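Structure provided below as structure tokens; questions to follow.
All chains are identified by letter, namely A, B and C, in their written order; residue positions are counted from 1 within each chain.
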Amino acid sequence: MGKFFEKTVAGIGSLLLQVIFTQEVSQKKGYLQSLDPRVKVISLIILLLTVNLVHKFLSLVLIYVFILFLAIVSSIPMKFFLKRVWLFLPFFTGIIVFPLIFNIVTPGTTLLELVNLPALHINLSITVPGLLTAFNIIFRVAVSVSLVVLAVLSTPWYDLLKSLQVLFVPQVFVVILGMTYRYIFVLLQTVNNMFLSRKSRLAGRVSGRENRKWLASLIGTLFARSFVQSEEIYLSMQSRGYRNKIVTLDSFKLDSHDLLFFSGCLILCVNIILFVK
Amino acid sequence: MKKQNSDSPVFELEKVSYYYRNQQALEDISLKISKGERLIILGANGSGKSTLLKMLDGLYFPSKGSIKAFGVKIDADFFQNEENFYDFRKKVGFVFQDPDVQLFSPTVWDEVIFAPLHLGFSNSEVLRRAKTALKLLDIEHLKNRPPYLLSGGEKKRVALATVLAFNPEVWLFDEPTASLDPRSQSRFLDFLDTLSDRGNTVVIATHDLSIVEDMADRVLVLSEEHKMVRLGKPMNILEDIPFLSKHNLVHDHRHKHKKETHKHLHIHVTDHEHKD
Amino acid sequence: MHIPDGYLSPYTSGAMYAASLPFLVRASRNVKKVLNSRMIPLISVFSALSFVIMMFNIPLPGGTTGHATGIAISAIVLGPWASILSATVALVIQALFFGDGGILSLGANIFNMGIVMSLTGYFLYRLLVRSKDSARKKIVIASISGYISVNIAALLTAVELGIQPMLYKNSLGQALYFPYNLYVSVPVMMIGHLTIAGLAEGIVTGLVFAWILRVQPDLIFSEGKSLTSKKLFKFSFLGLIFLILLTPLGLLAPGTAWGEWGREELALLGLSYIPAGFDKWSSFWRAPIPDYDIPGILNPTLLYIFSACLGVLLTGLFIFFLLSVINKLGGKKKSNHE
């Protein structure tokens, strides 16, 4: 049925696997898992800000070491954690920063000369500052991504969601986020079924035009169905007592471990910003 | 809401019609449902069963006619009053056909506490009720699971728990046995028996004839023209094969009939009546 | 088009959050007023839909595939404000749970895609369409609105990225965040979007719109009164001013090493791979810049602001011109059909 089909189905499949895997890891026993999600989220955001504020490579390394340490004590599967960050990063950021390593973009001390034809005014070489700049950028992106992955892997997503409220995200928005996350799976299931039933009915090649038309009808159907479904959800909420006001029951409790972690992160960040930069 | 009169029926519908986007969804329904009764609404897809249930739950209001619940007329004005709203919602529970519609919260636990929380129970009462509901339906182990990781049968049980958590007097079910495996189905029927034993009023909309005989005190049949064509004892209706066939409730002898007016239909029904 | 963390300086990120906030507040007020209590489930389900559409690979003519955001079509169907909210929710979920786009850069992603794309998609459609238009013409217009709105969003993204090396460097003059300036970021981003991504968006917008028009036309959002050109002009004018104000917001932040951002080398690299057809685009940005060292008259900051304003204005005018030409052509086509 074509590339688009395989790619989309594969995409949906890997997303579902990722979600299930994340769910499992986030419910393991570990250090970060034991913390109050609100404290964890704020602390990790302070770290993220620091990562993006500092200039020196050393600062990034220090924070990354801290992240790895946290991952280990939180029984995050290391192989997955490293792969998730370092496997895809070179493809995107790596390609983007690649030209930086050459002298025509970043002049400076030559590390390795590639082409030198003085007669034609062509000189291509890899420079030390070029490599450093490129690596600095890649590393900054990698550490940022690591932090987010760490937060997601160590927190059940609904706790992560509820903890957004401490970041001044309005409660209504948090409820909408939760409901959206939920209905993504309902829609994905519908999509998967429609893809599979089309696949089973079709043999041989289908033109791109046909595929586009079919995809449009699929999206159109989803649109129409979404209207009906949102109306039904509204009724079912009403039926169970919803009257334009969402009530939640928060059971988070802070203890000394949370405060310790928070102050630890804060001290680390302040010191890095002040003394290492 | 006025004090409930023990003599007055739970629901009283008088010549109720409903139009949706200028299309007829229900036509001229009059009906009384008394306390503790088990009523099954039979009808093919699109006959208006779900609409009727939603009207009983005060989610839709009649375009014509009126509905009384516990002796008081329920309409949009009635629900504007906060006290009326909560009083009615605590008494009537609705299990939707599609559990994906009923389960909109991040986790099973959030789902089960939703109703008691929104109906204004105290926090300790919310916890107590939610825990009891999970225990009674034997789904305590699913507490922290998100609904998308549940099987179909588990989703149905969680949907029941969400209503059980506020323990309403009246239970409305929309197609409760659709896509249930035999074991889940027999479990569900046990659950219905328990409700009846406790004196709850139960209204079920379905096209599944297999549960009619055991579960219904009375049966109401809706035609594909959205009219009430029968109201009576389950046995009389179940044995009337031509009648069931005409209303698309058995599969074999499905035959289309031309657009007919209101009057003709009733004559038609009596013509087809099976004689023992 | 999702900007990851580490590509934008925290100052720019902060500015983009600040820029998004008023739109989000306005959108939620608006939607609340219209939908009242139905808002929560409606926005949730459509955010989920938005997310799912972004996952689709769209088969394109020529055998490749591309992703569409689906934001233009949701703006046309749901109206701009509901679309802003649902796109924002989808982007938050992508960033939070699936690592698509960063957390600090989320404000920028919300602004570029959620807000600008919803507004431009919707208003372009409303500007060009007349109620008596044939279905065919409406579909073409929807498709064009999708194509243009995704390109405007891409242009904004490219500008945000491109100003990074101009604003922020370490003490050695090396880039800290996104390393290429506007000469590079704009053409590179636009090549991808004027072709593959734009095409995907246009196709999705057009085809889905056609489907809805045929099957359930009552779904499509209408404000009752048609948009008067005066009102629309006012709106686009305000939007333009806002964009101009926004572009140099990053300047407020304490940047370092101003002098080095016009480096010949970078310009060379950027221009060396711009195809001939894009000369026009790059010259928008380039034109005033080579003169930046006019001593004493203008400092680079002012020149930068000036060139950014000019760029936004010219782009706007160009798009406006393009649209009116298309509109005229579309009108003729229609009369031929009938």
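Following the convention adopted for this analysis, a contact is a pair of C-beta atoms (placed from the backbone, for glycine too) under 8 Å apart; a residue touches a chain by one contact, two chains touch by 3 or more.
Because the structure is a prediction, the values reported are computed rather than measured.
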item: Chain whose averaged C-alpha position falls nearest the assembly-wide average; value: A
item: Identity of the chain that, by mean CA position, is farthest from subunit A; value: B
item: Subunit A and subunit B: spacing of chain centres that average the CA atoms, whole Å; value: 43
item: Gap in Å, rounded to a whole number, between the CA centres of subunit C and subunit B; value: 48
item: Chain centre separation in whole Å, for subunit C relative to subunit A (CA means); value: 22
item: Multi-chain contact sites of subunit B, meaning residues that touch two or more partners; value: 104
item: Touching two or more other chains - residues of subunit C; value: 41, 44
item: Two or more partner chains touched - positions in subunit A; value: 157, 179, 181-183, 186, 229, 233, 237-238, 242-243
item: Partner subunit C, residues of subunit A touching it in the complex; value: 2-4, 7-8, 11-12, 15, 18-19, 22, 45, 48-49, 51-53, 55, 84, 92-93, 96-97, 99-100, 104-107, 129, 132-134, 136-137, 140-145, 148-149, 152, 157, 160, 170, 172-173, 175-177, 179-184, 186-188, 191, 208, 211-213, 215-217, 219-220, 222-224, 226-227, 229-231, 233-234, 237-238, 242-244, 246
item: Subunit B partner contacts - residues on subunit A that touch it in the complex; value: 20, 23, 27, 156-158, 161, 178-179, 181-183, 185-186, 229, 232-233, 235-243, 247-249
item: Footprint of subunit A on subunit B - complex, ascending; value: 54, 57, 59, 82, 85-86, 89-90, 92-94, 96, 98, 100-107, 110, 113-115, 117-120, 123, 126, 144, 146-149, 162-163, 166
item: Of all residues in subunit C, those that touch subunit A in their complex; value: 4-7, 9-10, 13, 28, 36-38, 40-49, 51-53, 55-61, 63, 65, 70, 73, 77, 85, 89-90, 92-93, 95-99, 102-104, 170-172, 174-179, 203-204, 207-208, 210-212, 215-216, 219, 265-266, 268-269
